[in-house]
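Structures incoming, each one as structure tokens.
Okay, so subunit A shows up in both of these, paired with subunit B first and subunit C after.
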Partner chain A sequence: MQVLRETNLQGLALAKKLGKKGTLELLAKRGLVGRGGASFPTHKKWERALSVKTNERFLICNADEGEPGTFKDKFLIKNNSETLIEGILIAAFVLDAKRCFIYLRAEYDSLRLELEKIIKKVLKKSKMKVSIEIVRGAGAYVCGEETAIIQSIMGRRGQPMEKPPYPTIKGLWGKPTVLNNVTTLTCVPQALLYEDWNPNYRLFSISGEVEHPGVYEWELGVKMSTILGTVKPKGKMKAMSFGCFGGIMPVYKSNRVSPALICDKNCHHGAYSLIFVGEKKNIVDVNLSMAKFYTYESCGKCTPCREGTIRLVELLKKIKSGQATNKDLKLLKELANHIQETSLCGLGASCGNHILTGMKNFKKDYKGFIKKK
Partner chain B sequence: MEEKILLNILHEAQDKHGYLSEEVLKKISKKHQIPISRLYGIITFHTMFRVKKQGKHILELCGSPSCLLNGAREIERFIEKELNVEIGETTKDKKFSVYKTSCIGCCDGAPAMLIDGKPYVNLTIKRIKEILKELKNASTKRN
Partner chain C sequence: MKIKLNGKHLEVNGNKTILDICKDNGIKIPTLCYHKNLFPEARCRLCLVELNGKLVTSCSTKPIEGCKIVTKTKKILKARKMNMELMSPGISMDKLGNDFEARKIYEEVGLDNERFKPRKNYKVELGDSLVRDNNKCVNCGRCVQVCSKVQEVHAIDFASRAHNEHVTPYCEKTLAGVACIRCGQCLINCPVGAITEVSHLGKVETALKNKKKQVIVQTAPSIRAALGELFDMKTGSLVTGKMVTALRQCGFDKIFDVDLGADMTIMEESAELVRRIKSNETLPLITTCCPAWILMMEQSFPELIPNMSTCKSPHEMLGALIKSYYAKKAGIDSKDIIVVSIMPCVAKKFESTRPELYTDVDYVLTTRELGRLIKKRNIDFANLPDSEFDPTLGISTGAGDIFGTAGGVMEAALRTTYEVVTKKKLKKVEFKNLHEFKGIKEGSIKLRNKTIRYACANGGANIRELLKHKDDYDFIEMMACPGGCIGGGGQPIYFDDETLKLRSKALYKQDSKKELRKSHENPIVKEIYKKCLGEPGSKKAKKFLHTKYKKRSCF
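On to the complex of A and B.
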């Protein structure tokens, strides 16, 4: 795997040799974009924070990997944490950040002590005067959102804030703050150091009804048949879901997994977490379990998401009970759209996606429950 | 001096005392000059802080789609029956507190759960019987 290549502080040495500007230029040339799901160019994010004149900047490594079906960051923390810490140090060097944070989700607390050791080891070797603190999350999905994570580190409830201002301009304690995902930061030294580094490789977290779930690395545009051939589905597959937020679509063996194809089905690839659903499962059931997840994780700040997610569950339960009519289906669609359009943060803006794509791509499953007049 | 991260302060206290009692929170409030109401606001926002005394072991069953597709419901029902509790409760002998949690990132080992923060994967009824037996025996010996 490209992402497991070790860089032994050579990436940091190169960055120091190139200087801040040279490092940013090389990252741009190599084409590194964020691996958390939004695919924002990494060098641009750093440049934005650098554009603010200030005596202090912060860096946050987002290890609050809460999207169901996603476990690539855990895989990297376990298998290539030295390169991750080097990536943090390169970012700290470019940004002049003296205090860096790794926001580690509570569910990964068993990795914390080992990670602390690696931080000490790499910091000592690098001789840089930077602090890297682990912030222990406490079980809140919404804290993966960039403004929520900032609130959380500052000792407030992890509720998202309105943007702009973006964290790169005004973040932790009002100072410019860069947030990068674990995978992005691990890629930084690799992208700088290796000329043959391929920007199109992505980590895929594969789970669900397959024989060999796990983390795999493929190039964007990988054939579905390659994925299926590797992970070995347990029987015929009906659907694949991109985590909870990215929507759900049928599995076409002949297709390639690329952003264009996925968007064509109204889905979003996010961090390439593919949950495979077998043909015996009903999509209404899958959607109901996901809808429950959102009621549980909604932070409660804005009304459409707080109340709407509960109503979505109620409607799905009604459909499942066989008591719903076509009018309820229409209401479900309308409500899901409404929540997405009017919520404050990404959680609300995507919480109905699995239902909308489920209704569109698996009409039969929904219609099967509808009361005949 | 750099400001200490509140989440870490709360975690350290919970690690030490098992849960965040009013007494513990009053001390934190005084030491760090944070109103106790704000502490409660933060604690109740997160699912992994506890304000009540917990069982000796905390079981957190993953309820993510990957786990559900691989039989997490059967595991959940079995644990509820075996320990005679419902999700969110503590057993009468105070040995186990059982919770359901969002994805714990162990989808490649579904169904999975955390016991005292440590992941247990590829769960089957047989495996759970063994795990519960081991935990019960271990805590009897220590007592």
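On to the complex of A and C.
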């Protein structure tokens, strides 16, 4: 795997040799974009933070991986954390950040002690005067959202804030703050150091009804047949779901997996988590269990998401019970759309995807439950 | 920057929010969680507009260069309605009184579907001053922000996530179990009435029916400047005379003026100040008219107890006088007297339960409760003739009037202290530096060979700020509510700074029109001292008019 290549602080050495500007230019040339989902060019994010005159900048490594079916950060922290820390140090060097944070998902606490050791080790070797603190998340999925992480690190309630202002301009304690996720930061030294580094490789988390679940690396646009050949589905597959918020769709062998496939034009989540659903499952059940996830993980701040997600569950339950009519189906669709359009943060904006795509792609499953008058 | 708003090309200030720009251009947009004095958290999502085709909340979004904004499309109206529908199962709109902001918004946004059933099942919290019903709450967050940012008390916050998110005093306790100061600012800012006062109205009505009891009512200075608003009169109308008439029609036996209690307070407090200066006792002396401030002090700054004046608050003083001086004068057993105070304040409800005070005042009604009583009796308030307070304890000075607005206690005290100490007449009665609408005000005045440095703070955050420099002063006035009692938690809801300014102006006007403007000139005050108490600070005065404080835990 490309992402497991080690760099032994050579990336950092190169960055220091190139200087800040040179490093940014090289990152731009290599085409590194954020791996969190928005695919925003990494060098641009850093430049934005640099454009603010200030005596202090912060870096946050987002390791609050909470999306169901996603476990690539965990994989990287376990298998290549030295390179991750080097990536953090390069970012700290470019940004002049004296304090960096790793916001670690609460459930990954078992990784913490080992990670702390590695931080110490790499820091010592690098001789940089930077602190890297691990902040344990409090277990809220929404704290994967940039502004919520910031609130949480400052000791406030982990709820998203309206953007703008973006964290790169006004983040932790009002200072410019860069948030990159684990994969992106791990890629930084690799992209700098290796001329043959390929910007199109992505990590995939594969789970569901397959023989070989796990983390894989493929190039964007990889054929479905390649994926299926590797992970070996158990029997016929009915659907695959891109995490919870990417949407759910039938499995076509000839499909190529790219952001465009996952969520049409307005794709904001390329987390590449594929959950395979076998043919015996009913999609209404799948949607219901995902909807339940959101009813507990919405932060509760804004009306549509707080009040809407629980109503989605109510409606799905009603549909499952066979008591629903077409009117309820219509309401379900209207509501899912409404939550997406009017919520404050990314969570709300995508929490209806699975229902909308489920209703579109698996009409039969839904119709089967509807009461005939 | 250039934008296009509803098809019109405009040049606007890009630092303003879309909501403000719309307001400037006469476009109305419904808002619920938004409040001018607070940070727009954009929780309710009712103020939606389209910015380049995307729905955004206008209260929190600024325009971008060359953008297209529309404020009324089918999509917008539908989305607003849906958000209203999503939150309304809690509010039960049909039962919502006209007093509340949400009522207006509800009418504006409309609601033609009710597809969701109420789902909340919280226990209603019945406190000593406030009632919290989370079943009505729409999680707008205004109470939380007011409590933490404006009052800096941090008594309440949200807890839990998603549909379980709810407002609660910290550690899921009750307000009585946390460092809540009962200021009621949360209540004033709640758009749906999920927080209300503990009502004493029922008990007062029962008392009014009891022929064996003499029910005496006393009204605080700030009521007269706000009560009219409840009857659609212009903000800032002075309704002193109408109020007295209405109270008489409601059946109260005697109607006294807390302004007189205020005059008494000034006599005592001023004497206390002079004594402390003369004998080098603890300074600064800090006022104690505001029970919310007293609670704040007892909970968060108990080290200030030696600085606190020992004077009871004006209505407690008058209550004590009613049950002693007046009872004796009228030949009634004090047990047959029920004292009702009309107060701008919910903390006064708590105050009246303090064991060291509870005998003075039996019930406390807020301005709003009085409004309800008057409406219940079908009294056409706006068209009532004027009448006068009962003279036994109803003559007061302008100094008492201005007690209702921040800086007023200080001004009244300075008027008296100056004249008593210097034995000279003040050249200018008014202290204009104290009339400003500001969180912290200060000044100094020369009394013979000593300069008195004084300062006033209103609003919890300003109180904390002023306390950082307390040693720069000799005399400090503290009011927990923004603007003082005119902005109290018991006043008519819906107010912004403009309302407060108008109410305050009304009180200053009342003062300026009075012949007697200094507490020591009040003939009744003179008589009470002559016939009953001796002189300010005497043993007897101590017994009736002074009290004590204790340290309280925040948990």
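Here is the rule we use: the second predicted complex is superposed on the first by the 366 of 373 C-alpha atoms of A that agree within 3 Å, B and C clash if a C-alpha of one lies under 4 Å from a C-alpha of the other, contacts with A are read in each partner's own complex, and residues count from 1 in each chain.
Going forward, a residue touches a chain if its C-beta (ideal position, glycine included) is under 8 Å from a C-beta of that chain, and two chains touch if they have at least 3 such contacts.
Only a predicted model underlies this, so the values are computations on that prediction, with no experimental measurement involved.
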item	value
Winner by number of subunit A residues touched, once subunit B and subunit C are compared	B
Contacts of A:Lys301 with subunit B and subunit C, given as first, second, both or neither	second
Partner chain in contact with A:Arg157 - subunit B first, subunit C second, else both or neither	both
Contacts of A:Gly221 with subunit B and subunit C, given as first, second, both or neither	neither
Contacts of A:Ser343 with subunit B and subunit C, given as first, second, both or neither	second
Contacts of A:Ser289 with subunit B and subunit C, given as first, second, both or neither	first
Partner chain(s) touched by A:Ala140 [first = subunit B, second = subunit C, both, neither]	both
Contacts of A:Arg311 with subunit B and subunit C, given as first, second, both or neither	second
First, second, both or neither for A:Asp109, with subunit B first and subunit C second	first
Doubly contacted subunit A residues - partners subunit C and subunit B	140, 157, 296-297, 299
Residue ranges of subunit B in contact with subunit A within the complex	2, 5-8, 10-11, 34, 41-42, 45-49, 63-66, 68-70, 101-110, 114, 117-119
Subunit B-facing residues of subunit A, complex	65-71, 74, 99, 101, 105-110, 131, 133-141, 152-153, 155-159, 205-209, 213-215, 241, 244, 273, 275, 277-278, 281, 286, 289-290, 292-293, 296-297, 299
Interface residues, subunit C side, partner subunit A - complex	40-46, 48, 55, 57, 60-62, 79, 82-83, 86-87, 115-116, 119, 138-139, 141, 157-158, 160-165
Of subunit A, residues touching subunit C in the complex	140, 142, 157, 162, 164, 294-311, 314, 331, 334-335, 338, 341-344
